[in-house]
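Below: a set of structures, written as structure tokens.
Each of the next two complexes has subunit A plus one other chain: subunit B in the first, subunit C in the second.
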Partner chain A sequence: MSKLKSSCKLGILSRPDGSVLFSQDETTVVAGVYGPVESKANKALVEKACVEAHFRPKSGLPGVKDRLNESIIRNVCEAAIATAMYPRTSVVVVIQEMQNNGQLISCALNAACLALLDSGIDMKCMFAAVTCFIHKDESLVFTPPINEDQVKAMFMFVFDSVEKSIIASHTDGSFSVEQYKDALSLCKEECANMFDFFKKSLTIK
Partner chain B sequence: MLVFPGDVVKDVKSVKGVTVLGPGVAPDGSTVRVTRAGRLHAKPPNTYWVEHDQKRYVPKRGDLVVGIVVKKSGDLLKIDIGGSEPASLSMLAFEGATKKQKPDLQVGDLVYGRLLNAHKEMEPELVCVDSYFKAGKLGPLSNEGFLVTVSLGLVWRLLEAENPILEAVGKAAPFEIAVGMNGRVWVNGRSVKDVLNVVRCLEVAERHDDRTVLDFCKQLK
Partner chain C sequence: MSKVRETLITNCERKFLMKCLSEWRRLDGRSFDEFRPLELKFGKQWGSCYVSLGNTKVLAQTSCEIQQPKSSRPSEGILNINIELNPLAAPHFEAGRQSELSVQLNRLLEKCVKDSKAVDLESLCIKTNEKVWALKVDINVLNHEGNILDCASIAMLASLTHFRRPDVTCDGEEFIIHSYQQRDPIPTVIHHYPVCITYAIFNGGEYILADPSLLEEGSADAMLTIGLNGFKELCALHLGGKAELAPSIILSTVSKATSRATVVIEEIKKSVKADTEQRQEKASVGFHTEDNFKTTLVFGQSLDTWHTNKKKRNKKHKKAQPQSQNTVVIDKGSVEHVPQTENKKEVWDVDNNSDDDLIIVEKPKVQIELLTDSEEDDVVILGPVKNKK
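Presenting the complex of A and B:
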């Protein structure tokens, strides 16, 4: 099984507090983080920071699917950021899709993690997302087949860096319990590579 | 030593049960965990912190900052200091100010002040006098000058006592500077050219180490 090729460039945008151009395989996104910034009166929380995520598609206005991505990104980021250290403020994560080759959501999450690390906002842990696919012939792969009809199921897992435990899991398609367990253990192995990649990218900077 | 969020700081020393934790490290039960990616520094006997080149300023009590007046209401000024909310500055917190004689400040003017109070649950409070009601170097900054925004890492470098950058720039032409801990730097000189030279040096310093900046300063005329 071939590993995913990741590459990134930190701090590419001048206005946000943290930014990254991140690509995994053919999938590419740009992520920017602003925070902690003043939050709107109706969104401000007294005891912790409010995390907002914005997902911008390649063209046009965000649709229903982009809203789903936003909510996934928001939930995962909220779990990782030390929100209690910034009461009455907002942390805004903006993701711009550049190219999608199947693993868009895991790519967006990894980019969000790198942008948060770049911004220097306090975090409880890092997180890494991995996507894998089940082929029509029941084989488990990281890179999706060229034809979308060949995909039987898709798994996306997010892990934290401290306990290596699962933070989020999203699935699509039909699969058996065994296949789910196989995919989970496979992604868990791969997430260690992602954390190594994050550390290497930040060291170079 | 490079550390990442979630890492445990090993061999934490304490004096009489006290350990001083700076930015980037937080207690987690009986251990100490890192909360941002960067270089871990330890100052004997018991102080720990993580340095990371940030852009966003989080107000800290006692910091000297350069702020912009954004609102005037009665005796209170609202000052943008780059944090998550504007700081408040009383018109009476200037040297020699009275109810009748207040400093002439308009929206958009710059002030150099000290943070009297910066609790995360409360609005930060600025003053332009010290505890003896003397202004010292604090107070309104002249409109002649030029304001630039730099990263917080560069501010720390400039404010180090033995840092040679500002001295080297001063050899080319005299200038006046107010470095705010919030990443805002106000510069004034005899001519626009002198001011721009300082600004260019700061831009070089943002991306290069001290030695490169010193070489660059020598080329200035």
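Presenting the complex of A and C:
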């Protein structure tokens, strides 16, 4: 099984507190983090920070799918950021799609993690997302096939760095329980590589 | 609410900027009519383009769909331009909401490209009164460091030039859209390339700065935007703010802008051509390619290459430094201490130790040639050391 090629460039934007250009395979996103910043009056929480996630598609207005991505990103980030450290403020996470080759959500999540690390905000743990696909011929791969209708199912798992436990799971298509378990263990192996990659890219910076 | 997140420009900063301007200096070391470095990159998809003008960064994507034409223009395609101020660019930008700034930028871009009829809309017609192509250019501002308009106009033009729409055939009744694999896609016909060039005006035209940065933009009296094409034709002119400008100043600024327009248009054409050639050679293209991650970590690659790159660069810098020991180049070559030599015409007489007597070279781009002492016959060229980090 071929592993995915990941590359990142931290701090590419001057305005956000943390930013990254991140690509996995051919999927590329830019992520930026502002925070903690002044919160909107109706969003401010008394005991913790509010996480605002924005996901911008390349063209057109954000649709239902983009809203779904947004909510996944928000939920995962909320779990990872030490929100209790920053009451009555907002942490703004913005993801801009640059190029999409299938594993957009996992790429966006990994970029969000790197951008958060780059911004230096307090976090409870790091998180890494891995996507894998089931072909029509039942084989399990990381790279999506060129033809989209060759995909039978798609799995996306997010793991935390402390306990290496699963913090989010997102699936698409039909599959058996066995296949789900296979995909989970495969992605868990791969996520260790991702954490390694995160650490290396931070030390280089 | 979003006002709280906005970065305000303090009186202190403004005063300091004005003081620098009175000494004919800019904060980033550029000369008054110097622009920030321009860089264009293309994505894997047709019509996706990433442009950076200094630290201002913009992503443009052209897309197309088939629509019914407007009844007033039954044989013309449709061009839509949409600029989005992404919350990534500045904390006070709100996603999906139009602001005064975004409407103004959108209108200026439309004025520059749509109203000057730069894109041949009639070639986008498939069947009169029934089906035409509607092109849409989405511009996402990624980083706001001043002068969004120039950057966006370059990105838009590059994206339109780069874009190719699928071929369509009609067999009497049905229209068939051929995929990119089936038939070669068709490029858009562009008659001329109008680019926006912005100048910031201070003190009623006393100081005119090209390509203003965020601070300069915020403290300027007025902004003069000039839309020009490669034939030196004026496509748009917009003066925003409050400044009493003499017509002669506007005319002289326009003539200054023409040379810049030619350079920018050449750059756009050159990069689109280079990208197309790369595609023809079946080389991998797109934002994911390694060029975009230079000097950063690529997964699976050892760290050694990065370190050697760094070392090499350091060596280069040492070589680039002038060999004469008495010569010190300070900050991007804009200020220089030069020892006393016989050639008085091109060398200044400065005490090496006193910092007060720095000599300011107004235009750092100018290369200064000077002859060292006659024993060594070589000529030392003190070029501005760029990209020195």
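Please note the rule applied: the second predicted complex is superposed on the first by the 205 of 205 C-alpha atoms of A that agree within 3 Å, B and C clash if a C-alpha of one lies under 4 Å from a C-alpha of the other, contacts with A are read in each partner's own complex, and residues count from 1 in each chain.
Simple rule for what comes next: a contact is a pair of C-beta atoms (placed from the backbone, for glycine too) under 8 Å apart; a residue touches a chain by one contact, two chains touch by 3 or more.
Because the structure is a prediction, the values reported are computed rather than measured.
**Student:** For A:T131, is the partner it touches subunit B (first), subunit C (second), both, or none of the two (neither)?
**Tutor:** A:T131: touches no partner chain.
**Student:** Under the stated touch criterion, which partner chain does A:P36 make contact with: subunit B (first), subunit C (second), both, or neither?
**Tutor:** Once the two structures are laid over each other on A, A:P36 reaches subunit B alone.
**Student:** Examine A:T83 and indicate which partner it touches, taking first as subunit B and second as subunit C; both and neither are also allowed.
**Tutor:** After superposition on chain A, A:T83 lies in contact with neither partner.
**Student:** Once the structures are superposed on A, label A:S7 by its partner contacts, choosing first (subunit B), second (subunit C), both or neither.
**Tutor:** second
**Student:** Is A:T28 contacted by the first partner subunit B, the second partner subunit C, both or neither?
**Tutor:** Second partner only, subunit C.
**Student:** Answer with first, second, both or neither: which of subunit B and subunit C does A:D160 touch in the superposed model?
**Tutor:** first
**Student:** Which one hits more subunit A residues, subunit B or subunit C?
**Tutor:** C
**Student:** Both subunit B and subunit C contact which residues of subunit A?
**Tutor:** Comparing the two interfaces on subunit A, one with subunit B and one with subunit C, the shared residues are 34, 37-38.
**Student:** Looking at the complex, which residues from subunit A come into contact with subunit C?
**Tutor:** 3-10, 12-16, 19, 21, 23, 25-28, 30, 32, 34, 37-38, 40-41, 54, 56, 58-62, 92, 94, 96, 98-99, 193, 197, 200-201, 204
**Student:** For the complex, give me every residue of subunit C touching subunit A.
**Tutor:** 1, 4-5, 43-45, 48, 50, 55, 57, 59, 61-63, 84, 86-91, 95-96, 136, 138, 140, 142-145, 286-288, 290, 292-293, 296-300, 303, 306
**Student:** In their complex, what parts of subunit B are in touch with subunit A?
**Tutor:** Touching subunit A: residues 2, 4-6, 24, 26, 33, 35-38, 52-56, 58, 84-85, 120-121 of subunit B.
**Student:** Can you list the residues on subunit A that touch subunit B in the complex?
**Tutor:** Those residues of subunit A that touch subunit B are 17-18, 34-39, 80, 82, 85-89, 117, 119-126, 160-162, 198-199, 202-203.
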